[in-house]
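Order of writing sets the labels: A, B and C. Residues in every chain begin at 1.
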Amino acid sequence: MPPNGHDSVVSLTRHWYVACKSSELKRRPLARRVLGIPLVLYRDASDEVRALLDRCPHRNVPLSLGGVSRAGHLECIYHGWQFDGIGRCRVIPGHKGETDTRSRRCSHVATREQEGLVWVYGALDEPSEHEPYRLGLDQLTNHTIAVRQVEAEASLDATIENALDVPHTTFLHRGLFRGAERQPVKVRVKRSAHSVEAEYIGEKRPSGLVARLLSPAGGIVEHWDRFILPSIAQVEYRLGNDSHFVVTALCTPIDDFRTRLTAVAAFRTPLPGAVLRPLLTWVGLRIFAQDARVLKAQTATIREFGGEQFAHTDQDILGPHIAWLLKHSEQGDPNGSNFERESTLWG
Amino acid sequence: MPPNGHDSVVSLTRHWYVACKSSELKRRPLARRVLGIPLVLYRDASDEVRALLDRCPHRNVPLSLGGVSRAGHLECIYHGWQFDGIGRCRVIPGHKGETDTRSRRCSHVATREQEGLVWVYGALDEPSEHEPYRLGLDQLTNHTIAVRQVEAEASLDATIENALDVPHTTFLHRGLFRGAERQPVKVRVKRSAHSVEAEYIGEKRPSGLVARLLSPAGGIVEHWDRFILPSIAQVEYRLGNDSHFVVTALCTPIDDFRTRLTAVAAFRTPLPGAVLRPLLTWVGLRIFAQDARVLKAQTATIREFGGEQFAHTDQDILGPHIAWLLKHSEQGDPNGSNFERESTLWG
Amino acid sequence: MPPNGHDSVVSLTRHWYVACKSSELKRRPLARRVLGIPLVLYRDASDEVRALLDRCPHRNVPLSLGGVSRAGHLECIYHGWQFDGIGRCRVIPGHKGETDTRSRRCSHVATREQEGLVWVYGALDEPSEHEPYRLGLDQLTNHTIAVRQVEAEASLDATIENALDVPHTTFLHRGLFRGAERQPVKVRVKRSAHSVEAEYIGEKRPSGLVARLLSPAGGIVEHWDRFILPSIAQVEYRLGNDSHFVVTALCTPIDDFRTRLTAVAAFRTPLPGAVLRPLLTWVGLRIFAQDARVLKAQTATIREFGGEQFAHTDQDILGPHIAWLLKHSEQGDPNGSNFERESTLWG
């Protein structure tokens, strides 16, 4: 095992991660793995989302096999033990004494439900130090919204770098996203303690299918790629006042080498959103399928060789900053030094 | 690896385990794994059952791929080496000198065939210290007998506790075995050096399907649950003089997390056995399928967390005693102290 | 892990191994694993075969997913980095400075293409100390040639011993290769520093199907079995001046417990080769299927018990010499002592 005690590059526990969409969590408990921890999510009597460690303290059966009692407690399928939303044992059928003893308590994680998503905190039995990221969808009143969940067989850092990397689109997604053209673009990178942004200046609209759909007339686009700790990748395009496209990938490390992406796309174009949405979704899933194949092969190679062994160039605009932020954040370094630089991407 | 050198809670080697039914072992050798040891069973020239380590000393090919020679020796498929019932090398084709040297000898285990079952001793090349358990089927002349083999993806101790645990039947098997009723029952637990028995006193006939079949008229039942070292779980019901039901699960640890159950049911009721047998078998297999699902999920969780982490209550009537007997037996403790107590089960 | 640092008996790196047939390597890169090392083979602009470590130095994606550029460089699918035949980085799209730095270089292995086969050297970035084995097919002008590739789930030493072992053919291949007859044959074993040969003297033509096909009239055959370091097994039969049969199995250790055999059969008989070839191929593949089943079971048993534990007799004509040569070669022992002895095989 590597020095940090886990196989992936980083493991950031005291952060929020998307566990599922609100619509996925109905009356039945739902099993979800986050940071390698098996969790069970359910809704209590007030419909509030709760998340416990998915292991009954009695005989270690997954609580996700069970159900929710009338009182809104999570009930184990095996012997009917019941737990409240913070893991206290409330009912042991047949048992007449105190139920909530230390050894019968189940660990829990903090939860939030907002903007149609369920978030969990990555540390057991700890109060959260801050609130989950807000997409601000309520302010995008004229935008069309599309949400999709996909899974990559890759570590968090490989997945996020892939999501924000421009040069690979010319090769791996040739035709879909970008054409074979190569145009120099000025790029300004700004890194703060918790995020890094690349702003592309004077970029012509790419020639691929997605770009044509979003902006049939062409022209100069405004384009930002952003990484926000611990696991958010965001790509934003703007073309004059008519077209705006922002896709935010909320990444959840399932375990060291599997990452779930909850991709929220919001766009506004001259074309009607209801027409564009299925088309963009189809293209987006095709692009992801190409990425997923490469990420899976990359991950297999990294694991076979016992770890990443990467070489860098000045065309890796955000990758090294993402790795830097992830590692400094894991080490709890308080002085994430700011950084700003302009360079040229020959995309 | 845990301190005792194996992953499951216990590994009891100097004991007898059922390897197969007599009817499963015909002229062809049969591969069976017991306590993690690959064995090959076959019948020699006198039809006697023999069991060797399933590895030819010559080139380590499994002997179970081979056959039985006319002389009743086990013959390797690869080069035709032949072994007798205690693993002595008797024939090496083409070899002119002595065949039975130390390095050419195959390990064996003691075997017994009785009551339609083949038993093997759990220690290589050791004489047995005692004889296998007898079901005494020859004395149950008016009973109908049914034998079934099933496999659980679970350790021996988890499988046996499940087989003898009353409270879970109300939850996991609701309707099949017990209804939702909850009635206090007095239970007397008696533990000796080699077994533990729970006697339920004043229990009303349960309301589930099985109980209705066995005793349509209802009433008070006599009910005993027994664990007998190393791996026998027995449930017995008696209702007056007319109805008697006893099912004995002879458990064989295949390896640390797989257990084979040979369930022998014997029953006598006012209804004809030929009618009841298929019905009871069907219900029994349905109940086991529900148990198997939970045991498999329990085992996966236990393995993921690196071991059992159980909490107990006074409703766990036999579980702690089963664990106690298994552990003391593994440690070879001669003074298994007796134990007796009465309590109340709110099943 | 065993003392030599790998799980199989030996790992001979500074040797040549067949990677594929020439006809398998066209315009697309081909992934092949040799000695546990993932390699990518491709043809450069001059159609010369090249082999690199199958991992892009940039982001560790397998280069075998990519293609070959117009300039004959191997191009990564992810970001289009290009490498020449010895792994130097020649193109990084968008990058303006030097491309060929140390951290961007990909390891390579030496390659040869001869007699319709592609060979690779088993050591990264090392010049070869000698040339690959030559079959000399160009001198067998009157022979019919058949080439087949098969894979065994077995270590190199187990696979080679199996290929050159006579006694097992009476048992495992009864009827196909040899009948049940047992005839004493004189055998002369000669071992040099790099090979061992068994010459069978006065052997009657075997009674099985293959032998009847090759020599319908029967008689006395000349028969040699040869092992040539590191991984070549050769069986040669000659019957007077009319019939000659030699099959050479060029073995490639894929990893510790998988071996690829490239079997090259050359034969000349009174029967027309075009008729005999499909028949012999069919029989050969049937024989191999029987061997493959036993080798796989043998390997599983060896792995379960943590290593080979073999017993030997004087009927194991070549096996111990093969093991001796492999082990001495791995240790780089310069004084492989010669050996010669006559004995009798009771095949």
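We take it that a contact is a pair of C-beta atoms (placed from the backbone, for glycine too) under 8 Å apart; a residue touches a chain by one contact, two chains touch by 3 or more.
All values derive from a computational prediction rather than experimental measurement.
Shown here, the protein chains touch in all possible pairs. Superposition angle, chain A onto chain B, using Cα atoms only: 120 degrees, a multiple of 5 between 0 and 180.
At the interface between chain B and chain C, under half of the residue numbers involved are used by both copies, so each side presents largely different positions.
In this assembly, the C-alpha centroid of chain B lies 48 Å from the C-alpha centroid of chain C. With touch defined as above, chain A holds no residue shared between interfaces to two or more other chains. Residues 38, 54-55, 57-62, 65, 76-80, 92-97, 101, 103-104 of chain C touch chain A in their complex. Note for the complex: chain C touches chain B at residues 158, 161, 165, 167-168, 170-172, 182, 293-294, 297-298, 300-302, 304-305, 308-315, 345-347.
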